[in-house]
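Read through the structures below before going on.
Across the two complexes that follow, chain A remains constant while its partner is chain B and subsequently chain C.
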Partner chain A sequence: MDIALRKKELVKEFSPMLLKPGKWSKIWTAILLALILCGLAAFVVQVTQGQEVTGMRDNVVWGIYTINFIFFLCLSYSGAFASGVLHFFNTPWKNAVSRIVEIITVVSLIVGPIFIILCMARLDRLHYLFIYPRIQSPITWDVIAITTDLIGCLLYLYLTFIPDFAILRDNSEGLPKWRKKLYTSLAIGYRDTPSQRRRLHKITKIMSAMVIALAIVTYSVLAWIFSLTLQPGWNSTIFAPYFIVAGLYSGVGVIIIAMYLIRKYFNLDHYIRKAHFLSAGVILLITALLYGYFTFSEYFARWFSHKTHDANLLDTLFNDYFWMFIFANYIGILVPLAIVFFKKLRSIKNITFAAVIAVVGLWFNRYLIVVPTQETPYLPIQDTRPEFIHYSATWVEWALSFAGVATFVLFFMLLMRLVPIIPMSGVIDYEKKGKVRRNGLTQQQQS
Partner chain B sequence: MKDDKTTRNGTNRRKFLKMGLLSGATTVAGASLLANLASEEELKASGEKIRVLTPEGKMVEVDAESINKYPEAHITPKESRKGIPGRKFVMVIDLSKCKNARTCVESCQKAHHLDYNEEYMKILLLQDHEEADPYWFPKPCYHCDEPPCVTVCPTGATFKRDDGIVLVDSDRCIGCKFCVTSCPYSVRQFHWSHKPKFDDTSQPYSPETSVPGEVGTVMKCNFCPDMLRQGKLPHCVSACPMGVIYFGDKNEDMVTNGEETVRFSELINDRGGYRYLEHLGTKPNVYYLPPVDRQFPLERGFDVDEDIIERYKDVPYVQDMKEKGKI
Partner chain C sequence: MKFNLFTYIIYVLLFGLFLAPNVMAQEVNLRDYRMRFRFKTVKQPDQSRMLEASFIATNKKDRKDRLPVYGAEITFFNLLEEEKVSLGTTKTSKEGIARIILPKDQSYLKDEEGKVTLKAVFEGTDEMDMEEREITIKDVQLSVELAEKDSVQTVQVNAHTLDSLGVEIPLKEADVIISVQGMLSRMVMDEGTIEDGIYEFKMPIDLPGDVDGNMTVFAIIEDHDDYGDVVQKKTVKWEVPNISSLENENSLWSEVAPIWMYVVLTILLVGIWANFVYTITNLLKIKKEGQQLERSP
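The block that comes next holds the complex of A and B.
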């Protein structure tokens, strides 16, 4: 196989994706930008008028900002986990999906912390976290963990981009000048020589293991922000593993949704195949079982031992949040489980549907962890103005939440314009290996 | 004017004697005075000398003119982190005497420039179990010895002082609200928006007074250290017409409600004093005396504004009473 020629072919195949935004992509960009502008307007309102414009009040001081923060961070964590596993074990079908997963990891790790910053009322004092740090505080742990994780993930993403930058640089006929320059500088002199290749492979492998560790640490610290307090619904020893399993569940869901959209939009049927959906579906099945198991253990123990404060919490959950509870913790687990369990139901569309249910269900599960607990503290909420008792998010919070999702998608689209969503170097590696294996087979047959 | 202040302080000092607080107050006077001496170059001498005790236990003679400065002395955020030397403040709330008169709430609101709807001290209507009668339960900050709020604060805006008080430095607070979620007693509140009263700079900000407030920061009961420095009782204690709240120093084993001064240990041991939610291990410095031999019927507590009664609408007892048409 002529590798140089194959590279050219691949660049030719993927360059329309990079260069020519289609009609739909323009429309989508416009919609996303509009959403982000709405979010910015809401942000200005919040900064000028204070957090009074949100639904957060003295009893429920953490609202959907915190929920979004956990949600995006769990996407990042599960992305890191999945891509780390794919790389580390050199999974054969990784090529088509590994870049999607890596981009999810990094982009959600950029979007997530924005939400926790929105939750802080004094943005002008954000630097106090660094000039007056207190190491006892789980928030300080979180700051350290997230920044480390972000740097690690960015490095990792960049490492996986380098071979493709080099390919794009070497085959840049027809590309605009600024792109040529950009690819040349980003490829940092990578020429795909055997020694460079070996080194890059080694570093990427080390980093792939590192990002798994980093992600687990970061997400555990996040779970500890809740479980290290004394609050009845949060003070649970299984929170860290529970969050990690739940994170994997929703993360696999988002990966499936992204795979479906990208496959459909770019007509990549021959790269992202049904096999990918089936494998991801199996992971969804396993994580759904684990997640269901953890959810059950968490609530079962509270219900069976029924300490007063736990019983109060369950009362709130089953009275004020009945349908949300049913949706998040029954439908959100059982429906995806059923879809991926029965072979007949395992079509690409169904698996994607299951993934959507899983992701939405998980967001509500987060809501149920964060909000009702604050509405059911140890001492009953009394002697408070009535409008301070229950939480419901305001338009400012929703606008910023949707702006966050829009930012996530927009970043994703921008990165897809920078490098092909299917890693070209990976395709070449895969084909080379395939050839070697085929040669081996023929030799065996000959002997 | 100056003479007025001196005499006022003089009567205060006599009060200390009664309360057994004298040595501490002079300690404070000595401490802040020495700080004044060190920092300020010019001090007018009045000729009159007064003896005070320094934190090290030394008796020193200082000018009377300087003594008058201490009540007004502005305690900066940095100074407020130290606490009043040699003290361990403690509060005892006698639940048998509380009738939800809400004077503690109102005096506190006035002193800390709080709005009608903001209260450092809340009065809950608790019922321990089905057989027990409900009772009124004043809830200030418990100033725990193991304060969860202090542990979780990422910037040290909330801190525990040597004298047992847990304070908030609004200048340092970034508004993450982690302390609010970590407090098991729901004591903390938040300045959600800017209010005109925050712009009032006639009084420089001190964590000890918590005035003026700042948007996007937490607030809570602070045991009124500004009053304690002057040898006065916290506002809620002196305002209560029933003498429900006792305040004092654990080191001296004395607490007072402004009328009677009693031994803290005797009060706690004779009357079955306890701390709320002891099992959480936060070690509060606020003790409760059980609501036995009540001095007032519970219903007296409903002699308040309609919208205050509305705040207890979720209490089963109140719902019951409403059904019977008693409220």
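The block that comes next holds the complex of A and C.
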């Protein structure tokens, strides 16, 4: 196999993805930019007029910003987990999804913490977190954990990108100058020599194990922010593993959705095949079962012990949030389970539909964890008003939330324009190992 | 017949529907029950007197099956020969208890021995027979003295009755229980007999009291044929103060974090950051090798 020729073929194959944005890509970018601009306007309103423009009040001090923060962090966690496992165990089908999950990991870890900053009324005191940290506070642990995790994930993402940067540098005919320079500097002189390859493989493997551990620690710390308080609905010993399982469930869902969209938009049917969806579907099935088990354990224990405040909380969940509760904890678990369980239903579209249901269900689950608990506090607040007790998000919060999602998608699209979504080095490694018998055919032609 | 999953589900649902909770409900037949109507009186520490009637139906075949009679109207009387004075009427609670409290200055009809006859009456209904119980008691003056005699904490119980002229007559013999008030119930310290109106008991010195070291001592004559139930109590500052920690020592709420937390965090962060440094060092080595390759022909 002529590796140099094969590299050229792959660069040629993926160049349109990197260089020529299509009509829909431009429209999408415009929509996303518009959403981000709306979010910026909402941010200006919030900073100038204060947190009063949000739905957060004396009782409910954490609203959908916090929910989005948890949601994006759980995406990052599950992406890191999946990516780490794929690399560490050198999974045969990692080429189809590894880059998607790596990008999800880093982008969501950048977008997520922005939401927690939006929660703060006194942004001018943000630096106090670093100047006067309380080591015994879970908030401080969270700041340390997220910062460390972000650096670790960025480093890991970069390691996985280096071989592709080198391929793009060496096959940069027809690329703009700035791209050539960028690839040359980012490739840091990587020539795929045996010693460079061995060294890169070693540190990538160590980092892949590290990001799994980092993700578990970071997400556990996030769960402890809730569970170390005595609030009904939060004070639970299984909250950290529950968060991790729930994060994995929604993360797998987002990965499936991303796989579906990328496959459809870039016509990558030959790289992202049905087998990949089926494998991801099996993981979705397992995580759905685990998530259902944890959810049942959590609510069953609260219902059975029937402590006054837990009973009040369950009463609120089953009355004020009935449909959300049903969607998050019944439909969000049972529908994906049913779709993936029955062989006849296991089509690409159905698995993607199951993933959408899982992701929406998990977002509602986060809402049910964060908001109703604060609406049923231990102590009544003096001279409080009904609008202070019951939370509903305002346009400012929704605009910033959609802006966050738009930023996530835009960053994702930008990174896809930097390196191919299918790692070229991975494809070559796969073919070199003889796992695909090539007789001068490309992987595309074989499929 | 071919069974499949849906057939099983339908069978389970139908079974569930038929097994409604009211299937298990049973009609109570009063003929199967024996009525237990009891009456007692307790002279309380504040010298008031409690009259208490309990009305419980017990299954003739199964003694564990006990049903309190709820809402039965009970009237209490004070009797002397043909004379009958109503003391009050009340209904039984969900536990089958009817209770009234008579003040300490309540006047009673007494015979020449100073004995008081009390009666509780349930008039009966169409389904239930009339029930009545009568007890005759003599009023006892019970007092508790708590004193240190020769550095020994001593409980002295004095008991006497009064004759028609108001002369104190010590009790010849009556069993008495000495107990102290605990958090949930009274703890029995000693059981003895009052002789010639006096009983003494040496109290242990290591009992925990309340936060101030106070302890409440009870002297109780229980279910006596002549005197009924008599309770007297007194509080004294004798015991070891039982001061519970007012502040929960949660180390995470303290000013300074515990040392183990610093140690664990340091180990974790050093371990992770050492790995980051190791990775960057290797990247620099890759870069250096790349530069050497570029320079070499």
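Convention: the second predicted complex is superposed on the first by the 430 of 447 C-alpha atoms of A that agree within 3 Å, B and C clash if a C-alpha of one lies under 4 Å from a C-alpha of the other, contacts with A are read in each partner's own complex, and residues count from 1 in each chain.
The criterion applied here is as follows: contacts are C-beta pairs under 8 Å (C-beta built on N, C-alpha and C of every residue); 3 or more make two chains touch, one makes a residue touch a chain.
Predicted model, so just to flag it, every value in this text is computed and none were measured.
Once the two complexes are laid over each other on the shared chain, residue contacts for A:Ile203 go to chain C alone; chain B is not touched.
Contact with neither chain B nor chain C is seen for A:Lys177 once the two complexes are overlaid on the shared chain.
Put simply, more of the residues of chain A are touched by B, taking chain B and chain C as the two choices. By the document's definition of touching, of the two partners only chain B reaches A:Pro377; chain C does not. After overlaying the two complexes on the shared chain, residue contacts for A:Arg134 are found with chain B and with chain C alike.
By the document's definition of touching, of the two partners only chain C reaches A:Gly152; chain B does not.
By the touch criterion defined above, A:Gly189 lies against chain C but remains apart from chain B after alignment on the C-alpha atoms of chain A. When both complexes are overlaid on chain A, the residue A:Glu52 reaches chain B alone and has no touch with chain C. Of the two partner chains placed by superposition, only chain B is touched by A:Arg125; chain C is not.
Looking at the shared chain after the overlay, A:His270 reaches neither chain B nor chain C.
In the superposition on chain A, the residues of chain A touched by chain B in one structure and by chain C in the other are 134, 136-137, 228. Partner chain B is touched in their complex by these residues of chain A: 49-52, 56-59, 61-62, 119-122, 125-126, 128-129, 132-134, 136-140, 143, 225, 228-231, 374, 377-386.
Those residues of chain A whose C-beta lies close enough to touch chain C in the complex are 134-137, 141, 144, 148, 151-152, 155, 159, 162, 187-191, 193, 195-196, 199-200, 202-203, 206-207, 210, 214, 217, 228.
Remark: chain B residues 117, 119, 122-126, 139, 148, 151-157, 172-178, 180-182, 184-186, 188-194, 215-217, 276-277, 280, 282, 308, 310-315 touch chain A in the complex. The touching residues of chain C, counted against chain A in their complex, run 251-254, 257-258, 261-262, 265, 268-269, 272-273, 275-276, 278-280, 282-283, 285-291, 293-294.
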